[in-house]
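Lettered A, B, C and D in written order, each chain numbered from 1.
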């Protein structure tokens, strides 16, 4: 039982070349893998663009380009928040409800056809405040009461929708009266639609938050292992609440922009956004389990879905089949992406 | 223990206790640590070492007693408080964020406004990488701080953890206290050597609490050894006045059991149970041929990166290979885990928590998961019989506490390992057992029980393929030794007639 | 043992019910659309007029919610007089069955299976009522066809694909164009699920696809039209395109009055949600109180089509009176006076069986 | 070796001996179920009591039967979903499969009569199995995959139905009887769900298949290394989800006698998932009790009915519904301080 091996071993000297070689292999593999996934998404996107432009020459025009960008703007903004939430390993289903509540609050406090008060910029503050309250409520219920985010945000969807419905009441549809704001979202500035500029700003800020701030890094850490986050003394609670608040704020911003885009206030102004945003995040390659993924990938995902939808209409696919074609392409894309990584020990949930 | 008041003890525990329900994991532990001391903390699996350390790291709150750091009494409300007090920890369980880079993991606790995090809370990546590289350099590692932890091997991960613990301690302005809970359990000897050197260096800047089941290591590294048993601190000795045997007795409560293995030679007619021929996997191992015979223990030695684990996994069908063949009991078709198990192979993986056990399942269900034995009739399970079957194994392998209906994750590491072993032993027809670091994290007493069990299975005619922690473990139990280096076999010994010295083996490994 | 289920004990009910025992129930698809809000308004007005309590059911767009909420009210043992704007036509048999068991009386609006007629179900299914979709579609087609001078290209935004309401409107629109405006080409239709947002997006995509080839836009309801108009406005094409749709929402009235775009909206059909609910509820009320016996009514009073008016910017003024704050109450007053089938502007114009689609 | 054993047993711990009786007691409480298992039942009953106090007529008038019958399709879908959640996956397409099943049933009942339900169940089980095969063998995340197949099934339903409501032309009596007749005044469609729940409970608790599934949900890697047939069991979980969806389709036809792509059953995905979760199923896998899922489904069906029965303003019902769903789960969740919830 008494060992003398070690002292001898030290005498032999520690040969670290094997370790060095392994380290360099690791680095090379990591670098390649970092590129591989977004690359296959970009390839898929390129294939779609080529196919659609062959099917209809109007597909590759500036005006359609701007159209696609306008349509992707609101999902992009909301998806930045959704990505953060999914990176936590949670999910935010409340998107459409928050959009409705925020949009209704905003338009009823802005110059609108129903009359009432016009609070100008304060309308933005109060409306986003509503979004913030909903987000913080989701976050707190999720973290403090430990209710799964799926249920919290599902409930919050209905709560938001309920608030919007009650605000809507039984009066006329509120229409936007401010001529400067009407159609603002799709107006072109410096070659791009205004709403897309907003989306770019949000994406930029999102990337900054994720890459370079405490909230962002702890978010990734929580997605990897919350147990370790807690035992490392990191502020898991605050970060989770903050992420839900950010997500709700962005949904709220999306709700206001959607209201501007439609020119009328409606409790269901966000309808359909959830089913673009979540698939976009997933297609982008962000893991639903949390910890892996990023905002730029989500951006690709949103573009993929928007272009797919736009391209199917432009190439005249019968509308009954559109969901099937989208679904089939989605299945093909994820199977294609996962095929090379198949391994008998890999766990995909 | 010591009446000297200057300098104040880095850490002083006074009658600290902690219970989980009715289980008093730590009972009235008093201990004081002076600056520059390396304290070895040893004890059986489940003795309460980790629990004590988790109290110190703020993960658990103690029920009774006081803790003073640098002479000031502290109340840790959470891990953050402990960090602030200058206590850096390497937990027994792996605790790195595998999706983040090495640098982020090391710098994860850097307070805002310091190091790579500016006052606005924004990260300065260049600074972060530089700091991390420096921290790694301290422990002799040259890993690129930009590497993601998921790409690292066990060993490298452990290095990162230690670098982080040291960094946390050094970042506070107090005398650092570094707590290492079994940091060497998953390290190979070469890495342990580096680590030992580093721990010795830490003496100059602070103090260390070091937990290990390897008594020789403890004797070499530490100044003082404290022994825990059943949650109590039962001995506190200077390394100079204690021997390994004495420590063993203190821990386990009995003398070491030195069994000498009667080695048998292979009878001429015997066919190997497992025979691998020219097995090659690019970048991992090349032209490996090994035969494992019934009733014999075959140990594969090698350093990390030698490819021995990959070979073991290939035998079990868990990983593919590029060329060559694996034949189990005459079958050499397409390998898969299911096929291997059907042919009577068992595998105890090195990563027990993730691959070896379903932690959130009761121990009895883990035991019968693969081979239900008498606990199932056809597809139907019989919970009562399952429980009594599990009780049998609990007795036989001395798994404690004797409560097979408890979640496996609530057992201590050593006992979990025994349950994993029992899962395979429960087979009525176990032809071969592949053991990847089976004694990892086991206390010497438990290690002996497990070893005895392995021997007994082997004597019943099962072939054992063992990837041991140490050369001595191999010499202790093996009939055959295969040495691997850089993916190739560099030596084969039949201990029936060869008698290799440790140094011979070591030379072939390095 | 096996017993009969689904709530009530009474299987069907004949004989008049005292007014004090009655409760009015109006079930709408959602409460976030002007049309359904108007449904509620009409029900409230009638409730006030008849002095009978009213309960509103919000189906939240779900058949399951609709049916279970209706059953919840029935289970309380009240004698209901019910108006249901069904979420899907397939809901009708279940609802009728439940009401029948509970001994209530129900009028269904807009959606029901073609082969499921009131006279096959006894007196409790008082009537199925709607405004004819074909007329609506034809009316819109005329407006666009005339505005375009019989030449040009049109895109269409139908509602949910499996909705008969949308299908009949589409059929009417296409038939009218085919028969009387051969110079007008229908470029494409993109079902937009009654959703203004989706119509807005689809319109944007079709603008990208056809650009200024588009001369006319038809939508199956005004909600979708509001979304589509905004898309054309954003693209700067509003001045060149003509719109027509069904429903003449108050918001549309405002746009038409303003001459939005270059008098972009050229045609609408007029009907009001409060009229539908008031007619439906009142018919059921008459049956409940025994003032009419459904089985003795002619078939067109059981499966009934009510008039819709074609509105153009020139005739718009005639309809403003129906949107005053007292309009619903006024309508109800007249309704109670003249009966459910003869109240202007929603008078009975036909029925007695499924709406006949024009031959393609 | 024998020597070791005798010695080690001698030093068996005091703690162990002390701990056993207390723990055993705790175990027996747990065996009854604990809050985790009875929570959903208690909450359902509590809401029911509130409704009964506020509107006694509702309960007297067969309210329970209404709740049970409207919960039947939700229950069936929730049970399938729970099986998939148990292996750590999710099936977003099961409600669409159910509706497609209903449409197929309506289309085929006339021509092939009694064979039709069998064909439909076979088809929906196969649809589920295809999901499972792709998830297991292509190793794609189930969320993304079933989102894709959801779109496909929806389109198939739309096309198969001819974009309109499909009515059972003949031979519908047998199916309709499932809704018309019942036990204890509750329709057979609901009892069908209960039967499935009990079967699944037996499967999970008393068979190796169930044990394997749970092991996959709790630690798939360990399950792979324990030679659990992980892939087959995943396929089985998805196939069961498809099968349950087929039964839900039958329940829909039993109730409505017709089906349409946007009609009854077209919006059951989220309610069914909510029912599974309220019934104590863990969204991250490995924890499920089909018996409590019954009460999850009953609760999900009860809340909107209750808001109406109690007479909450129509425009506020959404808000109340959302708040109650959150509150119910908050109350029924079993949690401890250290647990991680996602």
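What we mean here is this: contacts are C-beta pairs under 8 Å (C-beta built on N, C-alpha and C of every residue); 3 or more make two chains touch, one makes a residue touch a chain.
All values reported here derive from a predicted model rather than from experimental measurement.
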Legend entry - Touching chain B and also chain D, the following chains: A
Inset, instruction - Can you check how far apart chain B and chain C are, centre to centre, with Cα atoms defining each centre and the answer in Å? - result: 72
Legend entry - Gap in Å, rounded to a whole number, between the CA centres of chain D and chain C: 37
Legend entry - Mean-CA-position distance for chain B and chain A (Å): 40
Legend entry - Touching two or more other chains - residues of chain B: 318, 337
Legend entry - Two or more partner chains touched - positions in chain D: 158, 163, 221, 224, 315, 317-318
Legend entry - Multi-chain contact residues (two or more partners), chain A: 165, 168, 320, 344-345
Legend entry - Full enumeration of touching chain pairs: A-B, A-C, A-D, B-D, C-D
Inset, instruction - In the complex, go through chain D and note every residue touching chain C. - result: 55, 57-58, 60-63, 65-67, 69-70, 73-74, 158, 161, 163-165, 167, 179-187, 255-268, 271, 301, 304-306, 308-309, 311, 313-315, 317-318
Legend entry - chain D contact footprint on chain C (complex, rising order): 1-8, 28, 31, 40, 55-58, 60-65, 67-69, 71-78, 87-91, 93-94, 113, 115-116, 160-164, 167
Inset, instruction - Would you pull the chain D residues touching chain B in the complex into a rising list? - result: 1, 3-5, 7-9, 11-16, 18-20, 22-23, 26-27, 206-209, 211-212, 214-215, 218-219, 221-229, 286
Inset, instruction - Could you please specify the touching residues of chain A with respect to chain C in the complex? - result: 56, 58, 61, 63-64, 67, 70-71, 113, 164-165, 168, 170, 172-173, 175, 182-183, 185-187, 258, 261-264, 266-272, 309-310, 313-314, 316, 319-320
Inset, instruction - Under the touch definition given earlier, write down the residues of chain B that touch chain D in their complex. - result: 21-24, 230-231, 252-254, 257, 316, 318, 337-338, 340-342, 347, 349, 354-361, 365, 369-370, 372, 376, 379-381, 383, 395-396, 398, 400-403, 405-406, 423, 445, 448-449, 452, 455-456
